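Order of writing sets the chain letters: A, B, C and D. Residues in each chain are counted from 1.
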Amino acid sequence: KDYTEPPPEPLFVPSELTSWSFYRAGIAEFIATFLFLYVSILTVMGVNKSDSKCSTVGIQGIAWAFGGMIFALVYCTAGISVPGSHLRGWCGEGFGKTLYQTKGGGANVVAHGYTKGDGLGAEIVGTFVLVYTVFSATDAKRSARDSHVPILAPLPIGFAVFLVHLATIPITGTGINPARSLGAAIIYNKDHAWDDHWIFWVGPFIGAALAALYHQVVIRAIPFKSK
Amino acid sequence: KDYTEPPPEPLFVPSELTSWSFYRAGIAEFIATFLFLYVSILTVMGVNKSDSKCSTVGIQGIAWAFGGMIFALVYCTAGISVPGSHLRGWCGEGFGKTLYQTKGGGANVVAHGYTKGDGLGAEIVGTFVLVYTVFSATDAKRSARDSHVPILAPLPIGFAVFLVHLATIPITGTGINPARSLGAAIIYNKDHAWDDHWIFWVGPFIGAALAALYHQVVIRAIPFKSK
Amino acid sequence: KDYTEPPPEPLFVPSELTSWSFYRAGIAEFIATFLFLYVSILTVMGVNKSDSKCSTVGIQGIAWAFGGMIFALVYCTAGISVPGSHLRGWCGEGFGKTLYQTKGGGANVVAHGYTKGDGLGAEIVGTFVLVYTVFSATDAKRSARDSHVPILAPLPIGFAVFLVHLATIPITGTGINPARSLGAAIIYNKDHAWDDHWIFWVGPFIGAALAALYHQVVIRAIPFKSK
Amino acid sequence: KDYTEPPPEPLFVPSELTSWSFYRAGIAEFIATFLFLYVSILTVMGVNKSDSKCSTVGIQGIAWAFGGMIFALVYCTAGISVPGSHLRGWCGEGFGKTLYQTKGGGANVVAHGYTKGDGLGAEIVGTFVLVYTVFSATDAKRSARDSHVPILAPLPIGFAVFLVHLATIPITGTGINPARSLGAAIIYNKDHAWDDHWIFWVGPFIGAALAALYHQVVIRAIPFKSK
C-alpha cells in the first residue's frame, strides 16, 4: 500500500474545546461563509434588480459566483477547517437578516411548472454531484496514485457547484445546503416557501448519504477489505 | 527511455468477470453517465423553456454544462473506469426515457440551413478534437516529459467538449457520442431525426479512428519503432 | 517545522537603489499595469459603446477581462515583483489620460439605488476577498503542506478579482485598488465622483488591513507563537 | 544556477530535412491550425447567422472558442512543435478557401469609429500580451523556481488569447497572427480589407518584437550577463 487511510474522525472530542485550532476552524468557517454569501447574494441582487437581464452578468454569472467562490474558499481554507460545518447555518442566518430583508429574498422554492418530486430529485442529484466530487478529491488512495487529484482538487469542487447551479437554478434556485435554505426561508417567511422547505433538508441529506455510500462501498469497497 | 508504454489492452478477458474492479467500473460508468446527462439535459431544458434567452444561462451555459461535467467526471473517475465505455449507451437510453419523454426532446439533427455533409464534417472534426485531446492527455511518453500533461489532464478534456459544443450546437446540436444520440432519437422518434441518425454514428467513428491513427502513427510513430 | 517563514521585509533598503532587480521590478509593474488597464478598459469600452449588450461580451465578459488579466499577470510576474506596488498609481494615471479622456470615463462611483455605506461595505469586503486569497496563496506553511497551494496560486487570485467584479460592478463599478480609482477620478473630474472618492481609499485600506490581520492573527496565530 | 538555459536555436538546420520529427512538427502544425480555425470559425458563424445574439453563445463565446482552442492545442502539442510556425499561414489559407467563401468572411478590418492608429495599437498590445505570456511560461529560470510555471503553462497562454479577444474583437476583430489575417483577406478580397491589411502584419511583428526584447533584456537581462 502506497498510501495511508486517515484514521476515523470521532464526532466530538472534549479536549478540542481547549485547542486554538478548534476555535480557529469556527472563525474560518464563519468568515468563509460570510464571504461566500456576500459575493453570491450581491451577484444575484445585481441580476434581479436590472430590468434587462442582458445588461447584467446573467444567470450564468450567478452560477459562476457560487461555483467560483467555492473554488476560491476551498483553496484558501483547505487544511484549516472542513468546509460545510454546522456553524455555516447560523452565519448564513445572521447575515441574511441584515442583507435579505433590506434588499429582497433568495428563498429556495420549487419553480412554477415543476412538481415537488422534480425539485426533490434535483436537490438529491445536485448534492450527490457535489459530495461525490468532494470525496473523489480527498480520497487518500487516489491522491497517492494520480498527481492531478490533490493538485487540482479545489477546481472540480468549485465546478461541481457551478454546474449544479447551471442545471437547477430554474427548478429550485439550487439549495444543496440546508443551512443556506433555512436562513433564506426564515427571512422570506412566506407560506409557499415553508411548504417546500422539507425538500431542501431531505434532498441534500439523501444526496450526501448516497454519495458517501457510493464512494465508501462501491468505489473504495472499504467495508469488504480485511484489516 | 524514461517512460513505460502501457501493455496492449485485450478486448475481453474472461477472468475479469469474477473481479470486483470490473463490476465497479460498470457501476461507475453508469453513475457518471447518469450525472452527466442529468446536469446537461436539465441545463438544456432550463434554456429551452424560457421565452427570453437572456434570463437563462444561455447557449454558452449549455456548452459549459457539457464540458464542465466531463471535466468533473474525468477528474472523479480517472483510475476507476475508462470514460466512454459501452455501458454509457444503455444508461443514456434508460434515463432518457423518463426525462426526455416528459420534458421534451434533445435529439441530434442537422439544423436547417446546413447540408448533411456539413453535419457529418462537424461530427467528424468534433470527435477528432475530443479523442485527440484524450490521447494527448494519457500519453505515457508526454506524461513523463512534461509535468503539466498528467496534472492538468481532466481540464483540456473538459475544455475540448466545451469548445466543440460552442462550435457545433448550431449545426447538429453536437453528438460526438453515438449512445447519446441513439438514446435521444429513440425517445424523440420522428422521421427526420432517424433520417439524419447515421451521421451521429458514422461521424464519431470516423473522427475517433482518425484521431487514434493520427496519434499512434504521426505523433508517436509507434508502428515504425523497433522493439 | 517543514517550512521556513520568509524573513520580515524592510520597507526601504537604500542599497536597493543600485540593484538591477529594483528597477526591473519597477518596469515590470509599469508594463503589467499598462497591459491590465489596456485590456480591461478596452473591454469595458466595447461593451459600453454598443447599443445592445447582447452583441457584446457583456458585463460578465468585463468581469472575465479584469480577473483573467490578473491571473495571467500574476502568473507572468510572480518572482519578479510583488503585484500591487506603489508604481501602479502613476502608471494608471498616465495611461488613463490618453485613453479615458478620448474614449469615455471609467470612474468609480456609488450607483443610484445604493447608499454610501453599501458602497463602502462592498469595497471593504471585495478587497478582503482579494487580499485574503493572496495571503492564502503565498503562505509558506500552506505551500509546504498542500501541493495545490503553490501550483494553482495565480488561478484563485484571478478568480477572486473576477468574482468581486461579478458582485460589485452594479454597486461601485468595483474599485478595490485606490490607484485605479484615483486615475479614473482625475480624468473624469466630476463633482459626484470626487464626493464618493474617499470610499475607494478607505474601503480598500480597511479591507486589506482586516485581511492581513485575519491571516496573521487568526489563521496563522503568528503573534502568539514563541520564537 | 539551478537551471540550464536552452542553447540558441539555429534558424535552419539542413540535417533536419531528413528527420522524422521535422515532418511530424509540420503535420502537427497543420492539424492543430486546421482544428483551431474549424472550431473558432464555426463558432463565429453560429453567432453571426443568428438574428438574436441572445440565442447564441455570444461574442464572449467566440472569445472562449479562440482562447480555449489555444489552451487545448498548446496542451496537446507541447513538445512536438512550437505553436505559431510558418506552416500556419498556408493551412489557414487553404482551409479558409473552402469554408469562408461558402459561409461568409472573417476578415480583419478596423471597425467603424476607430482610427487606423487605434487598430494598430490594439494589434501591437494584443500580440505583446500573448507573446509575453508565452515567454514567461517557457522561461527555464522561472520553471525551475516556481512549480506553477511549467504545470499551468497552457492555461495562461489560452487565457491571453481569450482576453485579447474580449478586448479587441470590437476594434479589429482581433488579428494578432498575420497568417490568419492574410488567409481571411485573400478570400474576402474587398478594397477596404486590403487597405487595412498592413496593420495586421506591422502590429503583430512590432508587438512580438517588443515582447521578445522586454523578456530578454528587461526581465532576464541576458545581454548583460557574463558567460
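As a convention for this text, a residue touches a chain if its C-beta (ideal position, glycine included) is under 8 Å from a C-beta of that chain, and two chains touch if they have at least 3 such contacts.
Note that this is a predicted model, so its numbers are computed, not measured.
Asker: What is the set of chains touching both subunit A and subunit B?
Answerer: Touching subunit A and subunit B alike: no chains returned.
Asker: If you walk touching chains, what's the least steps from subunit B to subunit D?
Answerer: The fewest steps needed to get from subunit B to subunit D is 1.
Asker: What angle of turn lays subunit A on top of subunit D when you fit their CA atoms, given in steps of 5 degrees?
Answerer: 180
Asker: If you take the mean of the Cα atoms for each chain, which one ends up farthest from subunit B?
Answerer: Looking at centroid distances, C is the chain farthest away.
Asker: Is it true that over half of the residue numbers where subunit C touches subunit D are used by both copies, so same, or is it different?
Answerer: On the two sides of the subunit D and subunit C interface, the residue numbers are mostly different, under half being shared.
Asker: How many angstrom between the C-alpha centroids of subunit C and subunit B?
Answerer: Chain centres of subunit B and subunit C, defined by C-alpha means, are spaced 39 Å apart.
Asker: So how far apart, in whole Å, are subunit A and subunit C when each is placed at the average of its C-alpha atoms?
Answerer: Subunit A and subunit C have C-alpha centres separated by 28 Å.
Asker: Counting only residues that touch at least 2 other chains, which ones in subunit D make the list?
Answerer: Within subunit D, the residues that touch at least two other chains are 52, 54, 58, 60, 151-152, 155.
Asker: Name, in rising order, each residue of subunit D that touches subunit C in their complex.
Answerer: For this pair, the touching residues of subunit D are 52-54, 58-60, 63, 113, 122, 125, 128-129, 132-133, 136-137, 142, 145-149, 151-152, 155-156, 159-160, 162-164, 166-171, 214, 218-219, 221, 224.
Asker: Considering the complex alone, what residue numbers of subunit B touch subunit A?
Answerer: 20, 24, 27-28, 31, 35, 38-40, 42-43, 45-46, 49-50, 52, 54-58, 60-61, 64-65, 68-69, 71-72, 75-80, 150-155
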